[in-house]
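Read through the structures below before going on.
Common to both upcoming complexes is chain A, partnered first by chain B, then by chain C.
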Partner chain A sequence: MNVRLYVWQRATAAVMAPLVLGHIAVIFYATRQGLSAADILSRTRGSIVWAAYYGIFVAAASIHASIGIRNILSEWSPLNERRAGLIAIVFGLLLAALGARAVAAVVLS
Partner chain B sequence: MTDTHEELAVSLWRGSEDGRYQAYTVPRRESQTVLDVVTFVQRHLDPTLSYRFACRVGVCGSCAMTVNGKPRWTCRTHVEKVAGGGRLEIGPLENLPVIKDLTTDMEQFFRKWQQAKGVFAPSQTRHDAIAQIRPDTPARAAADAAIECINCGVCYAACDTVRWNPGYVGPAALTRAWTLVNDERDAGNTARLQAVAADGGCHSCHSHQSCQQLCPQTLNPTAAIAGLKRRTAAAYLKGEIEA
Partner chain C sequence: MIARQMKHRGDALWIAALVHRISGLALAIFLPFHFLALGLAIDGTARLDGFLRWTDQPLVKIAEGGLVLLLAAHLLGGLRILVIENFAWRDGQKQLATVAAAISLLVAVVFLARMF
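Right after this comes the complex of A and B.
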């Protein structure tokens, strides 16, 4: 871990903190109101706001988690920093792709 | 010292990295320290036992060992405080190569002080007037972080991050760096912040706080490292140092 990764991990954590609270609020709202999948998709499809909300969330989570994975691999596995970094980048790209696919599924009509 | 006619069951590490614990019986005495126990074994039971000590009064920092699983300064650790059930297991410090018995090679510990730029970089010469430092400024108070450090290596041996990441410079070197970062007379801060911001520097710390829990001088390396994290992050964002 160096100062560049530290700043990115803290910054993405700061971005995610309010987004997590909003995400939980949305879950409570959707379940309490008894919204169906069709109801939810009718609100999210074509919405730039929801696309931005979850798009930023996915990007921040991918960066944050991959830095953490790099740390865990370099400390708890025999991998050196370089190999741990490469695996972490692949992991982050995979998270970003899966997240982007999920966001596309709910905002693109 | 008064002999209490009781006995201690003592296990001492013998050999190098591939050594083993060996059992000894040592008379229990009043106000007995762990260093007294080790010294008794060396003087009366086995003169080939190797261990390191000098001052015996908690100043020199050379007698630290692992006592019943925790790193301690043995000269100031009373047996009655650590020997539960009259048993003592004494080994060399963790996270350092064992030379023989209770003696470790501390070369890496002191090399990492150099790596973290734990050396004062003077900003004036002997011909300048003596610097006037106000004792009540926040920087002067923060500079106290490592002033009482005796380089015993207890924090380094207690640190899980050092165990997992041999490249980590460790709590003692970083606390020393934090003291110098806050020293108004020092002129080496850019290089120092650059050194502690690299891989293996202050950002590797997980804040487990074993260092501050076990530091015999009751220093708080975790707080000093947190200070370095803040200071280096600010310097990085301002472009004063590079990643």
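Right after this comes the complex of A and C.
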């Protein structure tokens, strides 16, 4: 892992730490009486705060996970650095696209 | 020779590093499915509700407990790494890693206890 990727990996980790704590709290709160779509959407629909919270979360997680996948592929698979990097970029873009779609689904629908 | 080379793999901090990597990999594999599930709301509540009813099955709830365990373990393992790299070294890293594992397990057990 080069220095640039190392810094991105740690910076996104630092951004996500409080977001993950908040997400675990939301998981506990949301599942207190079973999950329903109406419950979830009543909290998130039209909320700029939730859109920003989970938008930042998705962006940070996509970068963090793709760098992690790149490290694992280059250390634990026979792939060379270039191929590991390419797969990681595709994975990161897929995560970012699916995550943005999920945030849009619960905030805008 | 091989036994000597493998000896470090029984060390608590080597196991902590492995748990951090495996939990991160598992979460990365889970995330696209998580996003796809939430994306069901794009067509209204019916499809998301149908999926949520599927998650009421006991085995799915146990799997969700596993995901909470992975998330808590990866969070605490990551915090440990950030502290090691950005602050002065402190002794007792093995104890800290053990406490992190215990807290992760506790969070998952409490989650599962509330789900059943």
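List of remarks:
Criterion: the second predicted complex is superposed on the first by the 105 of 109 C-alpha atoms of A that agree within 3 Å, B and C clash if a C-alpha of one lies under 4 Å from a C-alpha of the other, contacts with A are read in each partner's own complex, and residues count from 1 in each chain.
The rule we apply is simple: a residue touches a chain if its C-beta (ideal position, glycine included) is under 8 Å from a C-beta of that chain, and two chains touch if they have at least 3 such contacts.
If you're wondering where the values come from, they're calculated on a predicted model, not measured in any experiment.
By the touch criterion stated above, A:99 is placed in contact with chain C alone, chain B being left untouched. Contacts of A:20 after superposition on the shared chain: chain C is touched, whereas chain B is not. By the touch criterion defined above, A:32 lies against chain C but remains apart from chain B after alignment on the C-alpha atoms of chain A.
Of the two partner chains, chain B is the only one that A:1 touches; chain C does not reach it.
With both structures placed on the common chain, the touch criterion links A:68 to chain C but leaves chain B unconnected.
In the superposition on chain A, A:81 makes contact with chain B only, while chain C stays out of contact range. Looking at the shared chain after the overlay, A:89 reaches neither chain B nor chain C.
More residues of chain A are in touch with C than with the other of chain B and chain C. In the superposed model, A:10 makes contact with both chain B and chain C.
Comparing the two complexes, residues 10 of chain A contact chain B in one case and chain C in the other. By the touch rule above, chain C contacts chain A in their complex via residues 21, 24-25, 27-28, 31-32, 34-46, 48-49, 52, 55-56, 68, 71-72, 75, 78-79, 81-82, 85, 107, 111, 114-115.
On the chain B side of its complex with chain A, the touching residues are 161, 164-165, 167, 197-199, 201, 203-204, 229, 232-233, 236-237, 241, 243. The residues of chain A lying in touch with chain C in their complex are 10, 13-14, 17, 20-21, 23-24, 27-28, 31-32, 34-38, 40-41, 58, 61, 65, 68-69, 72, 91, 94-95, 98-99, 101-106, 109.
In the complex of the two chains, the chain A residues touching chain B come out as 1-7, 10, 74-76, 81.
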